[in-house]
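Listed below are the structures to be examined.
In the two complexes below, subunit A is the common chain; its partner is subunit B in one and subunit C in the other.
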Partner chain A sequence: MNEGAPAGAELLEVRGLSKFFGDVAAVERVSLDLARAETLGVVGESGSGKTTLARCILRAIDPDAGSVRFNSANGWTSLHSLKEKELVPLRREMQMIFQDPFSSLNPRMTVQQILEEPLLIHGERKRGKRVAAVREMLSRVQLGADALTRYPHAFSGGQRQRIGIARALMLRPSLVVCDESVSALDVSVQAQIINLLEDLQAELGLTYLFVAHDLAVVRHICDRVLVMHRGRVVETGTVEDVFERPRQDYTRLLLSAIPSPDPDVPLKPLDRATLNL
Partner chain B sequence: MSDATAAPPPARGEALLATVTPRQLAWRRFKRHRLALVSAVVLGVLYLLALFCELVAPYSPQTRNVAAINAPPMGIRFFHTDGFHLRPFVYGYDMRVNPDTWMREYTPNVGKRYPLRFFASGDEHTLWNLLPSTRHLFVAEGGYIHLFGTDQLGRDVFSRILYGARVSLSIGVAGVVLTFVLGILFGGVAGYLGGITDRAVQWFIAVLLALPTLPLWMALSAALPVSWSPLAVYFGVTVILSLLGWPYLARQVRGRFLALRQEDFVIAGRLLGAGRMRVILRHMLPNFMSHTITAATLAVPFMILGETALSFLGIGLRPPVVSWGVLMQQAQNWQVIVMTPWLLLPGLFVIIAVTAFNLLGDGLRDAADPYNTGGLE
Partner chain C sequence: MTAPVLAIRDLAVEFKTDTGVTPALSGVSFDVPRGQVTAIVGESGSGKSVTANCVMRLVQPPGRITGGSIRFAPDAGDAFDVVKLADRDPRLYDLRGGHISMVFQEPMTALSPVHDIGGQVAEAILCHRDIGKEAARAEAAQMLERVGLDDMERRMGMYPFEFSGGMRQRVVIAMALVCHPEVLICDEPTTALDVTIQAEILTLIRSLQHELGNSVIFITHDLGVVAQIADHVVVMYQGRVLEIGTVRQVLKQPLHPYTRGLLQAIPGVVPPGERLATIASVVGDADIETPHPLVALADGRQVSLPPAQLRRVARS
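Up next, the complex of A and B:
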């Protein structure tokens, strides 16, 4: 999809994005840039506005203020001002991988139906082509073709998440928003899914906006990190900078909460004073 | 949780789950609900009886037997004075007017033995107003048979209950179909569009639900012209019952719509670029139909009870139409309860039908719940 575009070219530009639920600002004046083929992590505690930010960018919910500009095949487009119908062609280029592998798949559709739906929506009328595309994608996410006729309830959490990934990639998007996509999985399965996401990024040149609260995962997979607290961006920078040389107290607090893999290292209590900052 | 890439050999339970559809899973869950299964069978039998009431009933609902007025139920017997008979039979009655109380007293007479003939000729009838015939499932050769006794005009209570079942059971279903349409329409519009529309519908529903049901039913039913044909009254009563019944269903549909709209797979559909119709038809409807069907099943008894109540009070269906409620009008005074308690039998049928619908609804609700794995996982 994105051949010809030079690596490092800008893909997404968010400026002053805000979303209010009643009087509460879930996301407040957030700005960020995303280059092609990079992975930007968005971290923060529960309720910090990470998911709202992700959904506002993809227009799953409508932001109240600010701009979202996307560098599509046809040049720069402002996502925030488009009508739902005008967004449809752009949906090919940006997709989402959800957190919960159980609620993100329609329980009444077979895997075949789930995976070919994006093609149907975007006008692929030839059944043969759809089936071939579905099979190809299934093998990319390392599921067997025997999965096609089954319903989601027949799969484990990890397998379902693979199906969710396959659905998101069916249209060959350039931007993929991963909304806590591994946090609902067992640790061993998490590792497999993370490896799969990395492999797919290398193969397909994907750009990830990786929303997570698990800092160890973010450190592993991301190039740059954006730290959010109460709807605002607290700190942003490369993974090394933020994790090794955090500039903000809140970031330091967040980092201190990462449990060490060594079971002999005692857990330190969190600093309450900074917690209430 | 095994998630190895080289498709591991599935465990036993997994192999079982792998090939079944959600519908099959629901059926398995339903089968575990014994009472619901029994209720389904009971209702099936009741509806079959209602459908073929002309054939099953030995008499037409208006046929009078002047030899047996207010006669008690007869038992089907196999043992006569000379021993066992394979062909069942009934004993006819001897009637005597008690000189003190002026009541008719019936005693079975062993001398009047009426054997049952199956698929034999009896009263003329026209099945479904289409097929004229004189065949009945059973008739008593050379006499009469009143399994549930007779009323004060000598009409067979068993036959009248069967004919009444046709009206009472069908009004429940017809009413629910109409309720269903109104409920899904209003609930769906409110749930999907939200905002002002939602608030308007909610407000309207709140007002409707605040109205006292019984007086309103009575007022509306009393407003049906007396000159209307029985059929028109039947539809009138159906419409009245549905008009007051849809708010409950609409609320449920709205709730399901609101909940489903937030489901990840619905959002996923929207993010794939699916239009409004596709989202509703492919993602939302299939996922709440089972709940709605359950709600509808649970609504049928209200319709049946509503019809019965209105007819019992004399403002719903009126004789010569036969419904369970109309039949129970005869049981309105204490004399009946003391002297001819078999005239209360239609009430027993109402109880059976309503209970069966409620139990069936319970079973369907459990079966429709995807989180109830029924011990299969």
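Up next, the complex of A and C:
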């Protein structure tokens, strides 16, 4: 399993990743590197392949071509060459936070059960240890211990998303994939969750792959960004470069469509047809 | 200044639940000026959609309108109170889809999956006017062309699943406008769409509104969308109206701490890397939970604030 470290990447190296659904290339020859404790945004319209890319990276689905190498506790590992069983210990280190805090939590489990399940799956047999870990994580996401015996329906959307974040972090992963994790939330709650994600990153040294369609959120939370269009990466760079000095027409099209909250800055979206996109 | 097309006064709605009666709206009052776009802004649970449903009399049990009035003044004919109409009053039938029509968030659920596009848009005409099927289909085709569909011969016979999300929303807009309503209610019509498609739909709604001169009630939680589409803004919170004014007044000089919170919590307002303001951090000690009456100020705007803060705002 142990391999030499690639140049450039500290945590994750993706090369030439492709995934086809029938004749359609959902993801086509995507390459990216992730450094530790950074946040890489993946933006694009629906159907651009951003979620498929994230799922291929975690091997939630199998890519058709390309490689994903991950710097695990045991050194660099090629994820695509592993069998399902061999992947299990690595799942500790890669977790996902989903979009919808309503459908991603089991309504029949208490918060205690939801949060200790990852520990059980990964073989933590001592009940005392599990309970202590659950309590600690709950306070990290700023929920009270009284939440433990309650069910998801008793919580608001923002609180549920905190539970989803806590569950993802129970195993102390190094890589967290956030798939539209703040998209379904109200503005005020969204701001709280974004602040929480940033605090947790600083405290726990997390690396985020942040998939989102909201460009303002990506600009706020990400260090670098990858723009996807029809399964391909059309532009990549630091957030500042891509947002201030976009080089590709598709990126310009996306940016021009963001409505400004200033009524004196009128919306002037570029035209897809004249850009030949 | 002409009379507002809709004047809502002291509107109250309650929902009966297992645990008691929950007020969804209380004391909601505002005008919808004729020929302009009025945005209702608020977070989930603020009552913005319930308010729109009241205008169409679509509040269903366990919900109930418990008080207030909605005075609708049509271009032709006498004004009447929508709240007081009996369920079988023919005016209610004329109102829904005739005088006032609605565009919803999810175009896929607003359209029938088993009827072709042309038939669905034509049906809206047949419901409200005494014309033949062929004439209705011809008018439907004209309207669909106006919202940006091409190749009408083929498109009219297509089904919703054959269209993209943006195209479906265009069809819903055509359906809503085909009877030339005086008021178009848009309930988060772009929330489910990509930002690029959202820009197209906002531009379309705005240009059709200029062309047709109808009034629009636009419901959204997105202040960027409000800034781009609205002439007037109504800010709602927990079933109450907190602030009313022109789009520039409300977005550039918000008077209510909650409105300030909403504005500052948007990513993009603070530089990247800095912590986002939350509504709680902006509102601070100010009490936004206790209801206060809406008071009209000299510059035409209205705000609901505790007396001490109100005096400060009125002086400045």
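Here is the rule we use: the second predicted complex is superposed on the first by the 261 of 277 C-alpha atoms of A that agree within 3 Å, B and C clash if a C-alpha of one lies under 4 Å from a C-alpha of the other, contacts with A are read in each partner's own complex, and residues count from 1 in each chain.
We take it that a residue touches a chain if its C-beta (ideal position, glycine included) is under 8 Å from a C-beta of that chain, and two chains touch if they have at least 3 such contacts.
Note that the coordinates shown come from a computational prediction; the quantities given were computed from them, not determined experimentally.
Model built by superposing both complexes on subunit A: subunit B and subunit C fit together without a clash.
By the document's definition of touching, of the two partners only subunit C reaches A:239; subunit B does not.
In the superposed pair of complexes, A:46 makes contact with subunit C only, with no contact to subunit B.
Looking at the shared chain after the overlay, A:108 reaches subunit B, while subunit C stays out of its contact range.
For the three-chain arrangement built by superposition, the Cα-centre angle with subunit A at its corner and subunit B and subunit C at its ends equals 70°, in steps of 10.
After overlaying the two complexes on the shared chain, residue contacts for A:261 are found with subunit C alone; subunit B is out of touch. Once the two complexes are laid over each other on the shared chain, residue contacts for A:186 go to subunit B and to subunit C alike. In the superposed model, A:159 makes contact with subunit B only, not with subunit C. Contacts of A:195 after superposition: subunit C is touched, whereas subunit B is not reached.
After overlaying the two complexes on the shared chain, residue contacts for A:172 are found with neither subunit B nor subunit C. When the two complexes are overlaid on their common chain A, residue A:144 makes contact with subunit B while staying clear of subunit C.
Think of it this way: put the two complexes on top of each other by chain A, and the tightest Cα contact between subunit B and subunit C is 5 Å.
Counting contacts by the rule stated earlier, residues 157, 186, 188-189, 192 of subunit A appear in both its interface with subunit B and its interface with subunit C. Per the touch definition, subunit C reaches subunit A in the complex via residues 43-44, 165, 194-200, 202-203, 221-228, 230, 247-248, 251-252, 261-263, 265-270, 272, 275-280. Put simply, subunit A touches subunit C in their complex at residues 45-46, 157, 186-192, 194-195, 198, 213-217, 219-221, 239-240, 253-254, 256-267, 269, 272.
Remark: subunit A residues 55, 58, 60, 87-89, 91-92, 95-96, 98-100, 103-109, 117-118, 121-122, 142-144, 146, 150-151, 153-154, 156-159, 164, 167, 171, 186, 188-189, 192 touch subunit B in the complex.
On the side of subunit B, the complex with subunit A involves touching residues 1-3, 5, 7, 14, 17-22, 25, 263-265, 267-275, 278, 282-283, 286-287, 370.
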